[in-house]
Amino acid sequence: MWSAAARLGQGLAVGLVVALLCFAFVETLPGDQALRLAAARFGEDLTDPSRAELVRRELGLERPWPVRLLAWLAALAEGDLGRSAVSRERVAGLLAAYGARSALLAAVALALSLVFAVPIGLLSALHPGGVVDRAAAAFSAFTVSLPSFVRALALMLPFAVELRWFPVAGFGQPSHLVLPATTVALALAAVSSRALRHAVVAEREAAHQAFLAWQGLGLAARVLPHGVRGVAIPMVALLSVQAVHVIDGVAVVETVFAYPGLGLLVVRALLARDLPVIQGVGLVVGAAMAAIGMVADIATRLLDPRQVEASWRRA
Amino acid sequence: MAPRLSAVSLAVAVTAVLVAPELVPTDPLRQSLADALSPPSLDAPFGRDHLGRCVATRLVYGARLSLAIGLGATLSAVAIGVSLGLASARLGGVVDAVIDRAIDIAYGFPGLLLVMVLATLFGSGPVGLTAALTLAAWPDYARLTRLLGRAQLARAHVEAARLMALPELVVLYRHVWPGLAPQIASLASFGVGQAILTISALGFLGLGLRPPTPEWGAMVAEGLSHWHEAPWMLVAPVTAIALTVLGLQAVAGRRRALDGG
Amino acid sequence: MAAEIALCIADLSVTAPSGERVLDGISLCVARSQLLVVLGESGSGKSLLAAVAAGVLPEPFVVAGTVRLFGCDLGDPAQARAAWGRRVLLLPQEPKKCLVPTARVGRLVAEPWHHVRGLAWREARVRARDSLQRFGLDETVPGLHPHALSGGMAQRVLAAHADASPAPFLIFDEPTKGLDPSATAAIAAQIEGLLGQGRAVLLITHDLDLVARLDADAVVLRSGRLVERLACRAFAAADARHPYVRSLALARPELWPERRRYGSPPQVLRAEGLRVAPAARRPLPFAGEFTLNAGGWLGITGASGMGKTTLGDTIIGLLRPAGGRVLWADGAGALVDPNTLGRRARRRLRPKVQKIHQDPADAFAPWATLADALEEVVSRLPDPIDARTRLERWRTWLGISRAMLARYPAEVSGGELQRIAILRALLPRPFLLVADEPTARLDPLTQKETVALLQMLSAEEGLAVVLIAHHRGLLAKTCAAILDLGVDGQAMRGPSPALPVVASVA
């Protein structure tokens, strides 16, 4: 399928562009790269020119940049993502470990968001313009606009710090997942509950639903084969949008709760200018977005026969 | 109605913030370690932080800087996005294909993460942040312009104007642009608010404006570490952020993704 | 032997939530095997009448009077709902919008057989397929989705729904809306078939040609009131008592006095071996040769998709010919190919060929007043002072008040907007006007008026007109020669040799 290949290509292109951008601009930054990396590795106070020199020789930073770029691309072609400039661990290994934990968080957050969104969305759709609907709309608008770190703190301070119902940070127990997942789930549910409400109302008021009723078809005959599908189509299209929210949210939320996922990894790498890790995360995120988009595309295509053109150009 | 309201509020906010130094004579950077962590009082309405600086003053000055950066980034993004979108819609063919593909690629990466990476690369000063935010935001305007532009260009009054031998630029300015302007203005005023909040997120993580520059996100981070001794250090910037969000909701009308109403 | 009465409406009044009375004192009856036509223009209340007759009128409307369907009171919501699909079926306007977009046609037509008549799925599907075939749709159609259907096909699918439904009373709401005139015959046949099954049919329409073609009784609705009841045959002959009905009947081009415009030399337009292609696609299978004199009218007709608009756009210079050429009068007595001119010469000649669009509301920028729109043109003409004099003269002549020009396009009716569009088109003193379906969106009475105005202008100013329309009758009355690009179905038969189309207007 042409659009599946195109999607994949897009994902890789994105990842590569990000990675190349990283490479290019780290090069142009003022100051000594080796010194900065040494500071990150050993600590500010213990850094001196000799340690910096050690780092420089170890990472081959004295080679001219085209050589380093080619070396990196060559390694990439073989599947070798290099090693962290700070900790010397293999980037691929780091990505796998941290990535798995982020995936877990994302999955729990998504599931939780459905638990919130479906009842609220359906209730809102029951009486459009009514009290529930308007309250839900206001709450959703506010929640999704609030920066994720504020949301995280709003949950952390009362429930973790003051009441001590949940741990403040870390990983290992299911209780570590609750607050971070809830933070992300709230933002997801804010959007998906509204989308569900709109989809249900639109389907209910659609001309084709009226015609089905006028033909004498009962509720089951109208909703099960046709209504559900009509509602599912815009919800599936929402998937790509939600993926963006998840990834964006995860970065900040993991930092606040010190949850060892990709978000935390990338923030630390950015602070330390750990180029290989940044590039690795960029590639993974680009590929993940593309994969999710592809799934959404395929699902939409299966559900909606009107999508003739490549649906990744969503309006 | 909504775009006009948001334009007016924006103007009011901008003026207020520019006038700030006259209203708030205290220096946001002046430390006073003797007074560190002191609670709200008459000459420090939101108390003082761990270095004795007046929190209220820092809030106001922080707003100033974030607003300036947000405005600058949004205006640049609009300029770039609208130009590319119009070119794409008007010229079609190869140009359209290339720009469309560029927009798609730009969308393939989540916004906040992209800003974080770019901010790190460009340096976290105001200029670097503005550049990072611009690069993350231009696709929104390009895509909207392209979509609306194509619809506008297909309208009969555009054809009628061309039949009267009106020059192409006149046609674009009088017959295409007025159809796009309200929606772009609406998106832009929302974009400024989003930029400000993004700056605060970066500040919180330590990837944005560096201390001692006052910035709300950074103030939240500082306030967090002093939560028990001086809760006002955290409450003040969080309230400021929440109020900004509420203000945005009221101003920019309801977002379409959340409410078709 | 009197047939059973299906629908009986007595002294019906319907008030809208706004307080406006939209139907007043309506009384009519329809019996089995009988067809009753309700003829009304837009705003007459006919769609509301259809809704009342089907028992689907929305809550906020207030109903007074009685509506009985086979004895049941449709005013009672419970009885009405029970009647849906079983005793009465409303076939709505715009069939494509009423068919579930995610389902296949075969399944949709089978549903009433299965759910309402109680047949097993397999048998329901078989019946559905047969029914579709009976209405002229082939075996591929049941597998299609609604968006893949043409307007005519969708209308037939709707008729198949009527077939599938057990309801003995059917209501057709504007079945010819948006369809080519050639579809009218098909619809008349569909209705005949359903009548033959012993059903009663109520047909709501504003399509005068459909009404003229039917062998039934008609009632005419105007502003919510029934003004006259007459036979369709009488309507076709304009044999009516009420003056409004008579003028409506005379609005059919078939009954217009013949006023073909031949024009007189010099020639202003010539096409030689012209082949046209829509933007970035393959050329259409015809080659044209025609000439037009000053003041003459040339008609272009053909089914949808045959290339009428493409040909019009090529004549007017918006599209380049795929082959051959179009020649225009250059103002100095000779004919010239505009594509061979330099940029400046081309710019000077450009406004001399103008277009009237099908949708007048789309032809004006919604954010500017109409006066501004005209000023925009006038200020850029080489002779603005003369242009303003011309503007004044034609403005009063066309019956356009200054107050009307001060308004925005949304505040003005379609007919008035089209007149202003004509005014605008005249400002650069064009020698040729291409009118692309200029009256398609207008009411029949306004249509007649607009065409008459155009004819008078053409005579006065020596303006040649290329008129593109579906309606052959209209062209026959006004044009000296007609280019017929073909009938529905011909293009779908694959590549065909170029059909030479020849017309010459002396």
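Some observations on this one:
For reference, chains read A, B and C in written order, and residue numbers begin at 1 within each chain.
Note that a contact is a pair of C-beta atoms (placed from the backbone, for glycine too) under 8 Å apart; a residue touches a chain by one contact, two chains touch by 3 or more.
Everything quoted here is computed from the prediction, not taken from an experiment.
Counting C-beta pairs in contact across B-C and across A-B gives the higher total for A-B.
Taking each chain's centre as the mean of its C-alpha atoms, the one that lies farthest from the centre of chain B is C. Rounded to a whole number, the gap between the C-alpha centres of chain A and chain C is 51 angstrom. Computed from the mean C-alpha positions, the centre of chain B lies at a distance of 49 Å from the centre of chain C. A separation of 21 Å divides the Cα centre of chain A from that of chain B.
On chain B, the positions that touch chain A within their shared complex are 100, 104-105, 108-114, 116-118, 120-123, 147, 193, 197-198, 200-201, 204-207, 217, 220, 224, 227, 234, 238, 241-242, 245-246, 248-249, 254-255, 257-261. On chain C, the positions that touch chain B within their shared complex are 316, 318, 347-348, 350-351, 353-355, 357, 359, 362-368, 373, 376-377, 380, 421, 424, 428. Chain B meets chain C in the complex at residues 155-157, 159-166, 174-175, 178-179.
Contact residues of chain C toward chain A in the complex are 54, 56, 84-86, 89-90, 92, 94, 97-103, 107, 111-112, 115-116, 145, 147, 161, 165, 167. Residues of chain A touching chain B in their complex: 10-11, 13-14, 17-18, 21-22, 25-26, 29, 129, 137-138, 140-142, 144-150, 153, 157, 161, 190-191, 194-195, 198, 241, 243-244, 247-248, 251-252, 255, 266-267, 270-271, 273, 278, 282, 285-286, 289-290, 293, 312-313, 315.
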